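Pasting the structures here.
In what follows, chain A forms one complex with chain B and a second complex with chain C.
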Partner chain A sequence: MNFQVHRSSETIEVLLSGRLEFTDHDSLPDLVDLLNNEGTRRFILDMDGLTFIDSAGIGMLLILQDEAEQRNIKLILRKLQGDVLRSIDLARIGEVVAIER
Partner chain B sequence: MDGFPACSLPGPAGALRPFSVVRDRVPAEIAARVAARFGVSEAAAGVGDALDVRAAAAVLLAQADRDILRGAFGLNRFLTVELTEREEGTGAIDADWLGAPPVERGFYLSLTTGTAYGLQCAVLVCDELTRRGVLTPERRGNVELCLHEAIANAIVHGNLGIPSATKEQPEGYRLFSRLLRERLGDGAVRQRRIDIFARWTADSLSIAVVDQGNGFDAAALPQDTDSGAHSGRGFVFMRALARRIHVTDGGRCTLLQFDL
Partner chain C sequence: MPISLAASRVLIVDDNEFNRKSLALMIRRAGLTQIEVAENGVEGLRKVESFRPDLVLLDVSMPVMDGLEMCRRLRERLTHEELPILFQTALDSDEEQVRCFEAGGSDFISKPIKPGECVARVRHQLEKRKLFTDLANFRARVERELKHAKAMQLSLLPEPRELEAVAERYELVLDAHFETSSELGGDFWNVYPLDSHRVAFLMVDFAGHGITAAINTFRLHTLIDRFPMQHVPPSEWLAGLNQALKEVLPVGQFATAFFGILDLHTDTLTYASAGAPNPVVGIAGELRLLDSAGLVLGASRRAVYADRSLRLPRGSCLFLYSDALIECSGPDNEPIGQDGVPGLLRGAMAANRARPLGPLLERFYARTSLPLRDDLTAVWIARRA
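After this line comes the complex of A and B, so read on.
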């Protein structure tokens, strides 16, 4: 998985690409560190470029959700499609994470 | 179970199979055993550069990467085995993979954990199933996700021995990453095997994934996972998408079955 970061005043948008899976755990601390940016209110994960996510990847999204919540930041998943949408739906994480369809 | 002998293959928990060698050539003893097991000439099976031999029933690889594996699959052999570096040919060569029965509609792939990690094995196996006309694009997505989850479990929780619950504790993800790095840096752990055994009929596909870890109690698996939990969804996915999932051998073998 690769990611690019776009920052505006209160929003951090992260464009994910490739596959988010169990071998990507080393990237998670870097994503969590982005939440420490002062003044951030919204943290958007744009998943348009993501082609695959496994159960470990979904676990990483939920860790990000917990970390964001602890900082009063709203995490939003955006542009889910294909196999990524299937996995997210199967995992039913829409109950705890905001998803923009 | 469709007579899946691969599920009875693993050795003692945590032990390396008495496998053999090799960097630049396959030892004569292994070649002889392959020849005897699969009924091909020793000359054909005893290959240094396995990919150049067209008559062998088995492809034995000293090292494997994505391109080498695709090349090995392209030979349409039943058995593709990555050999380990240990034992240097002096140990007992009584490898379990020699017991895997050759079947016309199937293949057997045995990789070390160090190679399997990061290789996207499920993609490779599904590419090969597609190439052999087994998987259609419509079926592939679900099969690939299930197989990926079974392989990820076999690598992370099986051979690397990292408990799923690690991620549930505060900052557990940092501990999880550290454990991954530590275990992957252990040569003995890297050489534990991941075996994948696929076979099919006209209307059904079965894939067994076997590891050499300590196993787990499959009966204790929850049927569902809390929507906020950081782990435990792999089996939820497999149960939802496969026709049947069966865990045997004390948790070291996951058998997935799909309709075709």
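After this line comes the complex of A and C, so read on.
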């Protein structure tokens, strides 16, 4: 997985691309670190470029949700499609993380 | 951090008494007290066996048997392949030093012996040996423990005899495959006879694999006994399990699950699912995927689950599996994917209608790279016609 970060005053948008899976756990601290940006209210994960997510990837989303919640930041998943949408819907992640449809 | 070498044993082999004594003195000053001496290669070989040194300081030319020959003979034995052997060679004799290495020497000290260099080289070889043995011991211990843990994990699953008994009792055909991607895994499944006409099936897959996921399967196993299955609908049972798992699982760890109860009186399967891969149901020759959406276990204390029911009459079948089946790929093959499972099963049923699990796995392995990236569990449940 690769990611690009766009910051505006209250929003951090992260564009994910590639596959979000077991081997990506190493980049989780970098993503969590973005939440420490002063003044952030919204943290958007844009999944347009994501082609696959496995259970470890879903675990990372749950961790990010927890970290965001602790800082009073709203985590939003955006532009889910294909297999990624299917996996996230199957696991009903929408019940714990906001998903923009 | 310097490694303590006080317990290391050094054998000095030299035909010159003065050399033996001065070498022993240097080494003793460095804190090594367990020292033995020999006067030639033959005596040296004998002392290697009786004294079991961690290092041999070896002279080259000696009567009876020289150092090169002694070294060659030691290296022929597997047990002394790694024993550090330090030759004392004449300074500037490139040829002799080459011969020492060819005979299997680990390193050499040039004569005349300089105490600082001698102790440094002895220390270096001993440290290397100690690290090597520590690592080898660690590896052996971990392998032993993992082997035991693996046997423990397998004991959480139904034994073939048990499975056969359940199959007889409820007039079913049951076949199961369980395989971990490393020594331990995060998959779990079992079958629970509830009463004379109801039997329950549970399949759980903890995110990730290896030791962490395996520990979670043991946690799960102890939790299951706390929630009787007899008198609650599957959705309620799964919700109870979810709350208990949420208490113990760290954030980010979770499990997918399928829990179904088959009632032979009403020919009904009632199930609740927490994001397990879509099971395949086969009725009257038609195979289709079942809806199995549901919040994964351990993600939220408030999760609620739905009961779904379908008719599962005599002659029909149910196929449960973990996501490795649909996510693993091969060098020339994309993963089978969720939608590919009915086709895979149909092909396998053409080969063996009553027990398609064998042919199904053969087809899966023929297109998949090993070792598997994730744990694989697959369970075939069919009602006899």
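Just so we're on the same page, the second predicted complex is superposed on the first by the 101 of 101 C-alpha atoms of A that agree within 3 Å, B and C clash if a C-alpha of one lies under 4 Å from a C-alpha of the other, contacts with A are read in each partner's own complex, and residues count from 1 in each chain.
By definition in this document, a residue touches a chain if its C-beta (ideal position, glycine included) is under 8 Å from a C-beta of that chain, and two chains touch if they have at least 3 such contacts.
All values derive from a computational prediction rather than experimental measurement.
Aligning the two structures on chain A places chain B and chain C in a clash. By the document's definition of touching, both partners, chain B and chain C, reach A:60.
By the document's definition of touching, of the two partners only chain B reaches A:19; chain C does not. Considering which of chain B and chain C touches more of chain A, the answer is B. In the superposition on chain A, A:29 makes contact with chain B only, not with chain C. Of the two partner chains, both chain B and chain C are touched by A:91. On chain A, the patch touched by chain B and the patch touched by chain C overlap at residues 22, 54-56, 58-60, 62-63, 66, 83, 86, 90-93, 95-96. Residue ranges on chain B touching chain A, taken from their complex, read 117-118, 120, 141, 145, 148-149, 152, 155-156, 167, 173-174, 176-177, 180-181, 225, 227-234, 236-237, 240-241.
Interface residues of chain A facing chain B in the complex, by the touch rule stated above, are 19, 21-23, 25-26, 28-29, 32, 52, 54-56, 58-60, 62-63, 65-66, 83, 86-87, 90-93, 95-96. Interface of chain C with chain A (complex): residues 205, 207-208, 251-254, 256, 275, 277-278, 292-296, 299-300, 303, 323, 327, 337-338, 373-374.
Partner chain C is touched in their complex by these residues of chain A: 22, 54-56, 58-60, 62-63, 66, 83, 86, 89-93, 95-96.
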